[in-house]
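Order of writing sets the labels: A, B and C. Residues in every chain begin at 1.
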Amino acid sequence: MSAQREGASQADPLSHASRGNVGEIPYEPVFVGAMRDELNALLGRYPNKMAALLPALWMVQRERGWVSEEAMVEVAQLLELTPAYVKGVVTFYTMYHQHPVGRYFIQVCTTSPCLACGADKVVESLLSQTGCGDLGATSPDGRFTVIEVECLGACGFATPIMVNEEFIESVTPEKVPQILTRFK
Amino acid sequence: MADTPMVSLTIEGRQVQVPAGTSILEAAKVAGVLVPHYCYHPGLPVAGVCRMCLVEVEKSPKLAPACATSVAEGQIVHVHSEASLKARQGVLELLLINHPLDCPICDQSGECELQDYTFREGRAEGRLGPDPKRFNPVEDFGGDVLYVPNRCILCTRCVRFMDDVVHDPVLNVSERGDRALIGKFEGQDLTHEWAPNVVDLCPVGALLSKDFLNKARAWELDRTPSICPNCTQGCNAIFETRDNVVVRMRPRSNADVNQWYLCESGRLDYKWLSPATRIEAPLVRHGDKLSAVDWESAIRAAATTLGGARVVALVSPMLSNESLHLAARVVAKTGGTGVFRVRTGPEAPLEGVPDLALRTERAANVKGAELLGFTKSASPLDTLASGDVLLVIGETLTAADAPALARAGKVIVIGTSLPDEARGATVALPSSTMAEEEGTFTNLRGRVQRYMQATAAPGMTRPAWWILADLLTQLGEPTATFLASEVFAALAASHPAFAGMSYDTLGLKGQIMSGEPAAQEAAR
Amino acid sequence: MGYPHKSHPKETPILSKYFGEPQARTLEGWKQRGGYRALQQALGMTPADIVNVVKESGLRGRGGAGFPTGMKWSFMKPGDGKAHYLCVNADESEPGTFKDREIMRWTPHALIEGTAIGAYAIGAETAYIYIRGEFTEPLRIMEDAVKEAYAAGLLGANAMGSGKRIDVHVHRGAGAYICGEETALMNSLEGRRGNPRIKPPFPAVAGLFGLPTTINNVETLAAVPHILNNGAAWYKAMSLSSPKSTGSKLFSVCGNVTRPGNYEVTMGYPFKDFLYDMCGGPLPGRKFKAVIPGGSSVPIQSMEEAESTLMDYEGFVAKGTMLGSGGVIVFDDSQCMVRHIARLARFYAHESCAQCTQCREGTAWTTKIMERIEAGQGTFQDFETLLEIGDNMTGKTICVLSDSCAVPVVSGLQKFRHEFEAHITGKRCPFRTAAAA
């Protein structure tokens, strides 16, 4: 499949006024300076630019906490893809956030092996202890967002959760308050 | 081609021989068997995702996707065995799980492949029960295209078309599972000249033409094979009419011209084929008024007007070869000159198809006009000297033509309408649009193609070639032609470029003129 | 070892010997434990010879398909002038399975060594280790270990001074179970949506970037250095039952069992002994009710079936299921099978890539019906519908995610029909009234 963008039949989307941005803050490119160097090094691992797409998106999320539409345009331009193509990839993979989330993004596994060990109780505990109330909602103080995810591959250490990039195993409702104190 | 080995196999009891590498689905076509499918399209890369084309291959443990499986020697394939029918019924049922019962309000109804196959092979009743269907709002994809996600069966023809044929990848598949839908990026729309073909490619009513929205029901339409008249490419088209009005133009496949596609500018510019205001009776000036008269009187008046003065004939490059042939003979008979002009616009190629583009010259028969002796000019009426007789045939006159019209001694208009600028005409003869007649065009590659009559000509209007034949007779050169085919035969007999051609040889795919590069290629 | 528990005396700790020992992570520590001798040996052999040793050993893919590894490697045609690739499938997302993460976070160099040998054996100069995005700790540890290996000249343009190039790159996934399917993994590596590809063409002919590719599971590659060090005969001799299942296997045990964890046993080990003795049996006051022995995509076993099973590829098939990934999910009598089957259906519906009609719509519809039954709003007619949908979803799609969704439903209805019926007749889940769930 060719994802190359030919001709400039479309207007330059980066000039499109503050779409997806908070207020009128202009978009700051991610891949400048050291980030650009890191991306270039990454490109050396693959025979073409498209293969660096997932790693590049991870870099964006590492820097900004989420992948905005402007970021998709920036990545598309750097990797010679179209924004529509990049968006199609971003929406396929569940780990890329397409909108800002709480400072600490909590993912709880509730697939059957963990469910059999009480994962639903862990979710309940997290929702109430963080103040989020509902799955996917951000807590009033902006600290937490809690979602259910599919098997995290730590079934023997039920119930595993992830807090941003940190993987925490063997969580029980009793341990939740203690765990949350680490995340200010 | 000579070295491709052939493979023999049996499909639904019919033996066929096809080149190695052919898919079972294409081989079935050769055998005269349709393997039901959605995502497969001969112009697009194989996806194999809809799973409708699963067929039973003897000695194979699993059903095979016919579009994605190559033929093998001695294969015995069943398209309508119990296993295949059950699998297809399964696919149809699952497609209808989230598909809304929109038929009463869906444009596609009547020409919907989901309806067609479900009616033939699907379950009689749904059993979704109380479980809800997924819902997404309608989206404007830009250009002429609307997207109704609820109806989408995710065949991805539209995405593959934009990627691989248009080379403008503005569509994607977004999300996963049954949340998936076709998506695009904000600000990047389906504005490409060839994008609206996704509406034709869509097997269901998920991608719709805004122009055609709620305009007519598919079963109310009459369909006539024709040629798109709006540029020199000569794309094969189908004119769809309702109550004698052209309401839509769709592509007609021709592997050598436009494959399966029509551009946006071409297909949406059909309204002029059924003009709202037009002259429907011959008009002759008596004093300061134009009065309706019978054809004989009008022809006599026109012939008289043409005699004894320098004639400048301004023809339209939209006229058929037949009309232009007779127009040229009228010009010759009167010792005048023939000119034409053509509107231009930017060329817009369909990158993924060889030699297919919306051409810069926006008229169907520029080549025909040139071959038949008319001179192309940006301002053709500059040659009109004071007192000359201006014979306008089919060309639209505008306010910019007023000075020339004023210069002319007398003006004869053969056309569909008489604009204000031409109200001073001596004779006005009502002609039909190309939808109201049959004829031929010559495209830019010298392919001569027939178009058929799609609507009835109103009032007393006649095809231009008929008017010109009568005029020519009145001028002293009798032509015994009563049918367009007879005019074409006369043309073929007198013009070497058209030699050997007839309506029979042209058929519905056309024929390249001898001497043209493509014809030499084909002959090799 | 039964990590995180102490090694059980009846285990065969080969791959898991150093689980729990942080020193084993470092290059130094690994070398002290015998690391990289096998790679040294391999680089002095011909690729064809290495392939033969692995063939001889009977090693089969440990990701779930169980395809003979040596045969898979032999599909890579040497000397074709094309770049070859090795992809390491570390996408471990099959519910119940958590062995590859342990191999990576405790013995990363074991994987690097196996990868390097595999790459050399198939004529690949580049190997990508595709690790699922959620495995942040294994990702970090593998990246560090790869850096160490490069710094020590074990990898790179002149691997161990052999003159051969072996490059290993870690590539992070982003949350998609389907990327564990080998062709979807390749698409994901290429920067595409993780859609499985139609086969043919097969990866060994046209795979990653259109070039000949082999995809192997983490556990499979981790076994390779041991096979080279100890010989194919040694590995083949490790077989308690069927001669077609050789060596040791890491079984990940989870769910309602006293000692969940990874256990390494010789192929053919008795399942009853495994569950009741090695894993500690059921929790106090509970009885085992059902077990899914190979990750959620294999049929559910009743305890009667499980207790007479021998743990190898043929043994599980003989008892109505499959070895699969070896992810052993145990359910006791406090658990509602309908609830878990509904949850598994939801899992597959969430993970479907959306290409094939049967999977895209079938997984979602199955989930809706199952959840309705669980909520007490099902009908007996729903059983027939579920089975028909399951039949429509089996053997008709590009990959087997569709089939996998049907499996727990079909085997559940087969073996636990009474629980389904109770939800219909009682119009509610009979397990929800229990105080402890």
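What we mean here is this: contacts are C-beta pairs under 8 Å (C-beta built on N, C-alpha and C of every residue); 3 or more make two chains touch, one makes a residue touch a chain.
All values derive from a computational prediction rather than experimental measurement.
Comparing the chain pairs A-C and B-C, the larger number of C-beta pairs in contact belongs to A-C. For subunit B, the chain with the farthest CA centroid is C. Here the chain at the heart of the shown protein, by mean C-alpha position, is A. Subunit A and subunit B, compared by their mean Cα positions, are separated by 48 Å.
Spacing of subunit A relative to subunit C, judged by their CA centroids, is 26 angstrom.
Between the CA-based centres of subunit B and subunit C the separation comes to 55 Å, rounded to the whole angstrom. Counting partner chains per residue, subunit C shows two or more touched chains at residues 176, 193, 350-351, 353. Within subunit B, contacts with two or more other chains are made by residues 173, 175-176.
Shared contact sites, meaning residues of subunit A that touch two or more other chains, fall at 1, 88, 92, 94.
Subunit C meets subunit A in the complex at residues 4, 83, 92-98, 100-101, 132-137, 169, 171-177, 188-194, 209, 252-256, 260-262, 296, 327, 329-331, 335, 339-340, 343-344, 347, 350-351, 353, 437.
Across the interface of their complex, subunit B is touched by residues 176, 193, 198, 349-358, 360-365, 368-369, 372, 377, 381-382, 385, 388-389, 391-392, 395-398 of subunit C. Listed in rising order, the residues of subunit A touching subunit B in the complex are 1-7, 9-11, 13, 16, 19, 69, 72-73, 82-85, 87-88, 91-92, 94. Residue ranges on subunit A touching subunit C, taken from their complex, read 1, 45, 47-48, 50-55, 57-58, 79, 81, 88-89, 92-96, 107, 110-118, 149-158, 162, 165-167. Those residues of subunit B that touch subunit C in the shared complex are 46-52, 54, 62-63, 65, 68, 86-87, 90-91, 93-95, 97-98, 127-132, 134, 153-154, 173, 175-180.
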